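Shared chain: subunit A. Partners: subunit B in the first complex, subunit C in the second.
Up next is the complex of A and B:
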């Protein structure tokens, strides 16, 4: 049994980290979804420079460790005279990194919508943007929900990189607690439990959504 | 109304359309027949620029289809299209399939668009299916919805790209009946099909294509009883005697 007195004594500390992790997750989730969709649209665009830019972005960022992407913002920006907190840098890094995976998932989703859908929409006079918005994206989203929910669960867990750059997240405060109690193992068990409180419901929701979508075909 | 003049089209090295010259007048029903791969569908799809031509001139209502200055979306409003695989929007109810373009393109209100949609759904005989999803309908019903969707834009011409080829045999008739009604009401129609019965009965003119060329243009009576070209004769032998 882990020592629950640690949890009770440092509950406020844990909670502060927990709340910050939720904030960071939500901001990065929305940010990476918007950015990822945009990049996905770039990547399937008929305009070559856009396609090229999208590909370069995805291939570079997703093939670098997340920690290094975050370091770029945390240690790189100050050399340009911009200093942001660990929380902000970590969340931006996370957004930029996760966006690549979301872009790939959405791109695959868009590509899987039959070409006839676009042709039907365009032959009725809808513009490219209208075709995307009313016909292609709603169908693509259905297909990408399972891979996207995976990415979102990864995102929540990946917020732990904030701990390395004093990002005031759950991992950061977990480190603080551990250095005070010296009960390293017990301390991190509670950290893990706090992560599970966030990720298990997400997992469950993903499963539920997947089943519902499967039913509706 | 639709005019092809010396139209050529290449897909890379493949020469799909060769020196196409064709004029289609308002109110005319033109049926395009020919072996698979003869370029019929490609020719049809050039009319609303789902395919682009390589050279030559193609105009609809005196507007050059492939001119960069042409607002293609504006031109497409007036050209309805029905596809082999229906291409209904699976995530939208039947009624919303039909009202999407009238609302977003023509700027109709939802009520106006739904009223028009219901009128055309009744016309194709499936008013009661308005609130269902495409997947709940049979192929023939889906294709009739697709026709209603095209008509709801009140186009000046309707293009049909093998509208019955993906249907079970017992559903072909219901779709052809709708098309016959349209033809009798004076709709300008260009129909690519393998339904020779339909061509014979409904067409004002039959266009026979082979290997990217228009080989023969004639009234159905002439074409079916006395085709001038050898290739047309061979084709008719194959499709009529089986």
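Up next is the complex of A and C:
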């Protein structure tokens, strides 16, 4: 049984971190979805330089640890004269990093729509954008939902990277509470509970959406 | 098949080299510590009046220093010499007490081992970044203060922050998570925004990246950072009091007096200032 007096005594500290983690998650979630979709479109585009740029972006960012991506923004950007806070650097890093996985999930979804669909749409006079918008993407969405929700849940948990660059998130304050109380295990149990408060509803929503889309065919 | 065998035998060779190297190092260490203990035991049977007499009879001063602490006592892997502020103080003491700075034997101590080693007669003195505290005074005697340690501030040269008084609302102070320095700075400068990092390297990198205005921790660590990057300097007097002293076995007042006399002589002759400047990078404040 964890020591609930820690939770009660440091509740304000936990809450500050919790709220910042929610902010960071929401911003990075929207940001990475937009950026990821854009990159996915780049990657399947018929224009070679776009395809090339998309591939380079995905392969470069996705294959280095998130922590290092975030370090680049926090420790590296200032040498270019841009100094952003730990919260901002962490959220940007998270967005840039998660976008690669989202791009890959969306690309896989689009690729799974049979080529005949695209050909049929285009031969009936639809432009590339229209084909995407009305024919391919609605079908791809259904396939993409499960891997996307995985990425979003990962994203929420990955916000913990803010803790190492003084990003004032849940993990940052968790570390502080742990070092003050010396009750490391108990402190992090409560940190875990706060993460669950965010991720469980997200999991549930994903499941719900999946079922609804399956019903609508 | 042949290739597989060759790889396997190559790995065996590499592994045995490592094991042998490990054994070599290990046996050397035990030999050293054995001789140390043996020397201690034989001296006890001789039983001279005081430890100071004993040191003079044996004509060697055995001093416990840190081997892993930057600026104070660090083993240089290039030449196997232990170097630092504490080491030079040890040599200077040997010169003052025995007339020759080479008559000193340095033994590695850690914060955990130093008091037991002193009380087991394995070492005569501890000069190992040891803060004088009331609690420790019950176990050992201390010399006068030889280094005024305490929490201080590191800033980029030319910073507007010259002391803790210059920290105002909105000043970003960088520190390390879970250190007492965080509590101290929050108490002494409640308006400051304290940003905490996992370790000193990250905190210093953040300071260099301009993510904060100043970095706070023990000045001994800050001087080490200053030595690494001369673009940064320690400002103001330490705002917590953690004076380093030389520890001596309890009851050996003659040795305490001899050490204090030697320290005083070093300070008046300018030798202390020379050692201080060499390692700390600035003149001692007095």
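Note that in this section the second predicted complex is superposed on the first by the 210 of 217 C-alpha atoms of A that agree within 3 Å, B and C clash if a C-alpha of one lies under 4 Å from a C-alpha of the other, contacts with A are read in each partner's own complex, and residues count from 1 in each chain.
As a working rule, contacts are C-beta pairs under 8 Å (C-beta built on N, C-alpha and C of every residue); 3 or more make two chains touch, one makes a residue touch a chain.
Keep in mind that this is a model prediction, so the values were computed, not measured.
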item	value
Touching partner for A:86 - first (subunit B), second (subunit C), both, neither	second
Partner chain in contact with A:78 - subunit B first, subunit C second, else both or neither	second
Touched partner set for A:135, first subunit B, second subunit C, both or neither	first
Subunit B versus subunit C as contact partner of A:172, first or second or both or neither	second
First, second, both or neither for A:117, with subunit B first and subunit C second	first
First (subunit B), second (subunit C), both or neither touched by A:164	second
Subunit B versus subunit C as contact partner of A:127, first or second or both or neither	first
Residues of subunit A that lie at the interface with subunit B and also at the interface with subunit C	none
Sites on subunit C touched by subunit A in the complex	174, 177-178, 195-198, 202, 205-206, 209-211
Contacting residues of subunit A [partner subunit B, same complex]	114, 116-117, 119-127, 130, 134-135, 138-139, 142, 217
Interface residues, subunit B side, partner subunit A - complex	48, 50, 73-74, 76-77, 79-81, 83, 85, 87-91, 100-101, 104-105, 135, 146, 149-150, 153
Subunit A residues touching subunit C - in the complex, by the definition given at the top	74-76, 78-79, 83, 85-86, 164-166, 172, 175-176, 178-180
